[in-house]
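Chain lettering (A, B, C, D and E) follows the sequence in which the chains are written, and residue indices restart at 1 in each chain.
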Amino acid sequence: QSSRDYISIVGSSTVYPFATVVAEQFGKATKFKTPKIESTGSGGGIKLFCAGVGVQHPDITNASRAIKKSELEQCAANGVKEVVEVKIGYDGLSIAQSKAGKGMQLTRKEVFLALAKQVPNPNGTQTLVDNPYKTWKDVNAALPAIKIEVLGPPPTSGTRDAFVELVMDEGCDAFDFIKAMKKADKNAHKAACQTIREDGAYVEAGENDNLIVQKLEANPAALGIFGFSFLDQNRDKVRGLAIEGVQPEFETISNGSYPVSRPLFFYVKKAHVAVIPGMKEYLDEFISKKAMGEEGYLAERGLIPLPKDEYMSVSKGVTALDVMK
Amino acid sequence: MTNPGKALPEGATSFARIQAGMAKRRAAERRFKMLGRLAVSVGLLFLSVLLISIVSKGYTAFWQTQMRIDVVLAAEDIDPEGTRNAETLRKADYSSLIKQSMRDMFPEVSGRRDKFALYGLVSNGAAFDLRDKVMADPSLIGTKVSLWVPADDDVDMLMKGHIDRNAAEDDRRIKDNVLGWINQLEAEDRLELRFNIDFFTKGDSRDPELAGIRGALMGTIFTLIVTLSLSFPLGVAAAVYLEEFAPKNKWTDLIEVNINNLAAVPSIVFGLLGLAVFINVFGLPRSAPLLGGLVLTLMTLPTIIIASRAALKSVPPSIRDAALGIGASPMQATLYHVIPLALPGMLTGTIIGMAQALGETAPLLMIGMVAFIADVPQGVFDPSTALPVQIYLWADSPERAYVERTSAAIMVLLGFLALMNLVAVLLRKRFERRW
Amino acid sequence: MTQTPILLVLLLALTSAAYYFGCKRAFRVADGKIRKLHSLPGYYGLYVALWAALPALLILCAWLLFQGSIITRMVVSSLPDAIQQLGPDRLNLVVNDIRNLVSGNIVSGEPDAIMLAAADYYRGLLSVSRNMLFAIVLVVAGLSGWYGYSKIRVQHRARNGVESIINWLLVACSTVAILTTVGIVLSVLFESIRFFQSVPITEFLFGLEWSPQIALRADQAGSSGAFGAVPLFAGTLLITFIAMTVAVPIGLMSALYLAEYASARVRAIAKPLLEVLAGIPTVVYGFFAALTVAPFIRESGGFLGLDVASESALAAGLVMGMMIIPFVSSLSDDVINAVPQSLREGAYGMGATSSETIRRVILPAALPGIVGAILLAVSRAIGETMIVVMAAGLASNLTANPLEAVTTVTVQIVTLLVGDQEFDSPKTLAAFALGLVLFVVTLALNFVALYIVRKYREQYD
Amino acid sequence: MAFKLDGAAGAAHVTTVGRDVRETVGEVRVNDPRVRCTDVNVHYGDKHAIKNISLDVGKGEVLAMIGPSGCGKSTFLRCLNRMNDTVRECRVTGEILLDGEDINSRHIDVVPLRARVAMVFQKPNPFPKSIYENVAFGPRIHGLCESKADLDVVVESSLRKANLWDEVKDRLDDVGTGLSGGQQQRLCIARAIAIEPEVILMDEPCSALDPISTAKVEQLIEELRQQFSIVIVTHSMQQAARVSQRTAYFHMGDLIEVSETDRLFIKPRHQLTEDYITGRFG
Amino acid sequence: MAFKLDGAAGAAHVTTVGRDVRETVGEVRVNDPRVRCTDVNVHYGDKHAIKNISLDVGKGEVLAMIGPSGCGKSTFLRCLNRMNDTVRECRVTGEILLDGEDINSRHIDVVPLRARVAMVFQKPNPFPKSIYENVAFGPRIHGLCESKADLDVVVESSLRKANLWDEVKDRLDDVGTGLSGGQQQRLCIARAIAIEPEVILMDEPCSALDPISTAKVEQLIEELRQQFSIVIVTHSMQQAARVSQRTAYFHMGDLIEVSETDRLFIKPRHQLTEDYITGRFG
């Protein structure tokens, strides 16, 4: 092992574009070296992060979901006892379609009906049957008669978890009898709401959102699910679909009226803060107004900033290095 | 010959039969040759389609829109105490100087939002360019300088026609008022497409207009140097041993099967191996080209060994006999006669193996080379990425301007590949002969 | 560390000197009559050179391997007790700080006196160690070189000595493959075992459904999370098959055309060009497959009234086949080119057409090499990821229909490894299990292949 | 001797000029030629290996070619069925007529040509296939046999004619390259005669054969001559005398003399020929 | 004839039993053997190619081996410098002493053995390298020449001895495989004699040579015999008679008879030998 004089960051590919901007800014503006940021995925990042304390282990991990309890326990078992959680903002998930497509308004209930593996029996009885819907029109007569084809993240991805949680769960709770299951049988409820159909209507595309955008362009009938920043960058090619009547826009996501967005985090190994050169300064740069603030450069990159009071508490927590319990 | 046509029906001479069959065989021959030509053409056609699509998407990345701005370097803003101390100069707020100059150019712009958009016309890197300029020549302080700085990537995309000026306002990232400013800048000759030197001299950046390929290229070069200098000798040595010296028994069978099997191991598993063995056991530094080189060596080794063995197999035994028969040791026979004859095949294996190593991302993921690393690595121990990783990361970035840069990076990679192969191809030609 | 190159250069110089003097001495003991010697003088030179270099190199490597930890331990024991109590992890960070100080890097904060003292101590130890290393390595090289030198006699079997060392080096090189295998197995085995503790191995091996949708936990028996690997292997097989139906005919025909028909110029140009196909990053192929080929197939399928998924095994397989063309074409071209001309003449001399000569004489003669090339191509196809992710999707389907989406083992390994789920969930562990099973399966297939090739070869060799 | 010499060609044949080229003496032409070569030149790169040679091969004739090693016998022989096409740097000029048709002309297909004019090479070159397949190769590609039984018959009779049957009949599935040198040579002969060509070119077919096998091959040649023409390169003047009707003597790329075999050995017309056959040469 | 036969071996040598094995008649042993073989057997897989052969090669002697094609001459020859090691399925048993040392013993190093017992193969096999390099290879690896000039001398004299120098002196840089068949054969001879071995094994060295070259090679053999032992396989009984002191007749893997050459051809002791040399065999 040789010495290390730069910050080592691992983790989520979703947070990667934001963390790198901060790192670059930090590297250019200070005397410290630019941190090294690996894109390993949230799970892989946390695994590396939790492997132990010491120079050979990363200082920070990015995550597109909150760290799980079991992971935190694993961390502690490896000696990583003090972890600081930093919530950096929100990532809007947009459902989009090619500009050449017809365009439609969706509700979460409709999305649930279109994509769930099992849906309430269309004849009205309170049973679940295998999803019979072939076209959007089948789901809701007001929607166009195009084949249901949605390109979205695979089950291994956090984007998918977020989508399931924010859209499918909500959508399925629109049915009272399913909602009622929650109390009786939590798992059955979960299975009913969170299982996505596997008959080809939902296409598990890879994690490359650019590819989904381009596939949408080539196939006007299909819908795609991907991060807001890609929608923002490709407005000439794809359009976001309004959900519950709200268009995915910077403002709507940031003020919370657009329903589908998830928080992004990073986690800091407190033991490293004093000894790895530049850690403190990097944290300061990240939580500065200039970066994370409403008009900060992260927002410019498509990160939806935290509401003011949340921002204040995060920034206070980071300055004090409050560890997770 | 008493009964030449014994096997033939009465009256038919064998030549008549041959003649009768000729039309069919000639056709078969023509078909075969056509098929061959077709196969080569299909391969080449496919290659050219790929190349054309890459080049046509990527060539614009070699130019970059620059903007001329006039900045007043007021002493009180930069170095109020007049110490000319480097640290003071470094810490000064250059970006506000640039913002000021933008405001000076468009005094009519008001409102926070609009100002924000206005500042966005120049790249984030401009302030650092300015800083470097001032630090290099402090005498500039107190003057007004006119300098070319990179324009923002959106402006660049607009200038290159990747953003449609005529699209509805909602459909483009550049709004109408900004478009107006850009038009004005153009009219004042303040915008210009210039050769994008930064692309070749800088490391990675999250600002497309500042992003360069140098870091990844150096990383690739270091990695491949390690790979080549290990895998070629190792591969050839293993092949020579197995083919020429090893006793043929269960043990060598096992090695042979093993090697064939390693060729089928998904490349990411080699990454897992690198993580488990080289990092966790041997404590090699993560993200280092040395490590990448080692992992890619293990990955390419089967290719080189298999190709080399095939080449050695095809050297006729009479050559070995000839050498052995006058008292050459097996080692000498192999070294002087067999290896030179097998070298073309070995080089082919190396070319293909290295090409594969050059294009591989997955194993690097596990050993920390799929990363954002802004600094250009200086040696095999520095953290670095590699060209295919850079391509992969850029292809996954939201900013539109990375599309052309991705293709340009691919062009650089292919250029590197061509350069690397040139030597091997020339060598191979030299050693090729029929006997 | 930075002095190591200098030491290596010195050692190289010493080795060259050893070679020189070895040769000279050989001449001398033979009174200038080389033929009196058992081996060529160069072998005596090499013999002495190897004696000079190898022991010294071994010591050098061992030294460099252990120097760091020994010095670190010494420095640590010089630190105040309070710091020593920190426990290994923290200590490691302190040492990092010291090291940063030593190498003049930026450090985390203002260094205190203890740290500065430790850094000085560290620096001192480092230079002592370096000097000792220099001395020891050079002395050992000198001594052992002298030993080799002193052994030179007229009848000394220097060639045999050198050759047996080389032979052992070659053996060592070929065991790298075995070590790699061991390493791979070890690096996936433990996680695989953990996986099989939560998912029964039989379900994994024979399950017909792969759907890692919901993390599998004890309290979730009824969920649809399924870890049956059969569809993945079927998908791998399907895509590999499609790729090979593209790559083998095109590659082999190209090789035959280039080796037997094409003019030297065409061959000199076309062969390296085809080889470029192997070097294009797979992301490029992925984009090409997903955005050009797949829509094309879907549209032409729709035209024919076929129901084509927008992500199809066919698209991925076709493009993958293109990518591995050079594996078949270039390697086969080399072995075909090496078939002795007299065999061609034998066939031509009886009125065989070129194609008959190729098919009936050259192909069988070159078969072992060609089979090797094809096996290599198959292997590459099995291991390829990016194209499948981008063009064939990730949905597992147990189907033989190339127009449907399938997924492969390697794709699942990659997506499971880089995904978002917690790292001890069966989802992540499944990646390791998949790796292990794939490894075992291909190993078995390779044994079969070896057996078949052997059997087939016996007719010809 | 059964065939007549062409009157006109009875005298020395004057080759078209070329300072370093020697004129051929003797009967270059025959009355009823199967093969007629005129002014054939062969170059290997710079090396002028065959210089302006004109020569006929009669129907039903065995023509022997003798001459010191390296004089161009094999090269000339290989011109007759265009085997030199396969040597990259080899260039052949001049006219070679087979039954009146120029075999060097563009529209000639070498495949039936080589089936009619088959060749046994100087170095035995069996295919790395089974003995059976070696012999069956020709009949197979030319479609000479309808059935496996036919093929078996052809293979057996060819091997018998080449005097190899007894030695290999129990091991027809062994590879041809595992045979002894002489066995390989006989295998190559069997392979060539299996396609029943009209002209057979034999480049030292008996060099690796013991006297008995040699006698068998010579007997075979005698039999084949009834129907076909044979050109044989040999280093054994006895053999030339035994099997051939005419003999051609080559010397450093020149055709020095062509005569009826008896006459050439008894009363050579050219000094060089005489030197060679009396062993005074070199 | 200059050397004496070993008295004890004057009678028929009784080979160790083996029902299908024939006993050898004649002088198997000589007084002062360079090579002494006892009960040598060779198997190619199942095929028993050499059956219990005992035979001496005397110092300064030329031993000719004759016999029908495929009888095992080459195989036996290859035993003498362990070339059969390179054939995978080949198994050699029995004792072969070179100057009293068993060459099949474990601790023998085959490399110097083969430098002492060099071989010229039946099929010419020049390296695909330049003619010069072909000849220079042996002297190079055995360190026979101190300088390039020495090497040039050795190459030239070897090529001269093989009667090839005049033909190739201007093209020493051309590849050896581009030579004519006979030239290749002479090149291989030159390559072997360039290392000045003690025993030379020649497998039909003159099969592709014209009479003049043949005479030269025979003359070379006569010269070499002064210092070395030579074992030559030939199909030409005349040649055997011309060059050899003793002749061994092989038949289907058996050594039938070994006698002084003159005696063997004039008064063969074994019926099979007589049949063969009178051409009545087969």
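Quick notes on this structure:
The rule we apply is simple: a contact is a pair of C-beta atoms (placed from the backbone, for glycine too) under 8 Å apart; a residue touches a chain by one contact, two chains touch by 3 or more.
Just so we're on the same page, UniProt names per chain: B = Phosphate transport system permease protein PstA; C = Phosphate transport system permease protein; D, E = Phosphate ABC transporter ATP-binding protein.
Quick caveat, the model's predicted, so the values are computed rather than measured.
Taken together, subunit A and subunit B share the touching chains C. Relative to the whole-protein C-alpha centroid, the nearest chain centroid is that of C. In this assembly, the chain whose C-alpha centre lies farthest from subunit C is D.
Looking at which of C-E and B-C shares more C-beta pairs in contact, the answer is the pair B-C. One simple way to say how far apart two chains are is to compare their mean CA positions; for subunit B and subunit E this gives 60 Å.
Our note on geometry: subunit A versus subunit C, Cα centroid distance of 35 Å, whole angstroms. With centres set at the average Cα position, the gap from subunit A to subunit E is 83 Å.
The multi-chain contact residues of subunit D, meaning those touching 2 or more other chains, are 111-112, 115-116, 123, 141-142, 195, 197. Shared contact sites, meaning residues of subunit B that touch two or more other chains, fall at 18, 25-26, 29, 329, 341, 365, 395, 435.
The set of subunit A residues touching two or more other chains comprises 1-2, 13, 33, 40, 56, 207-208.
Every pair of chains that touch is listed here: A-B, A-C, B-C, B-D, B-E, C-D, C-E, D-E. Subunit B makes touch with subunit A in their complex at residues 112, 116, 120, 124, 128, 163-164, 167, 170-173, 205-207, 279, 283, 285-287, 365, 368, 370-375, 381, 383, 393, 395-400, 403. Partner subunit C is touched in their complex by these residues of subunit D: 81, 83, 86, 88, 110-116, 118-121, 123, 125-130, 137-138, 140-142, 173, 175, 188, 191-192, 195, 197. Of all the residues in subunit E, the ones that touch subunit C in their complex are 109, 111-112, 141-146. Only residues 1-2, 4, 6-8, 13-15, 17-19, 21-22, 25-26, 29 of subunit B touch subunit D when the two sit together in their complex. Interface residues of subunit A facing subunit C in the complex, by the touch rule stated above, are 1-5, 12-13, 31-33, 40-44, 46-47, 50, 52-56, 64-65, 68, 70-71, 74, 79, 117, 149, 154-161, 187-188, 190-191, 194-196, 198, 200, 202-208, 211, 214-215, 218-219, 222, 271-272, 274-279.
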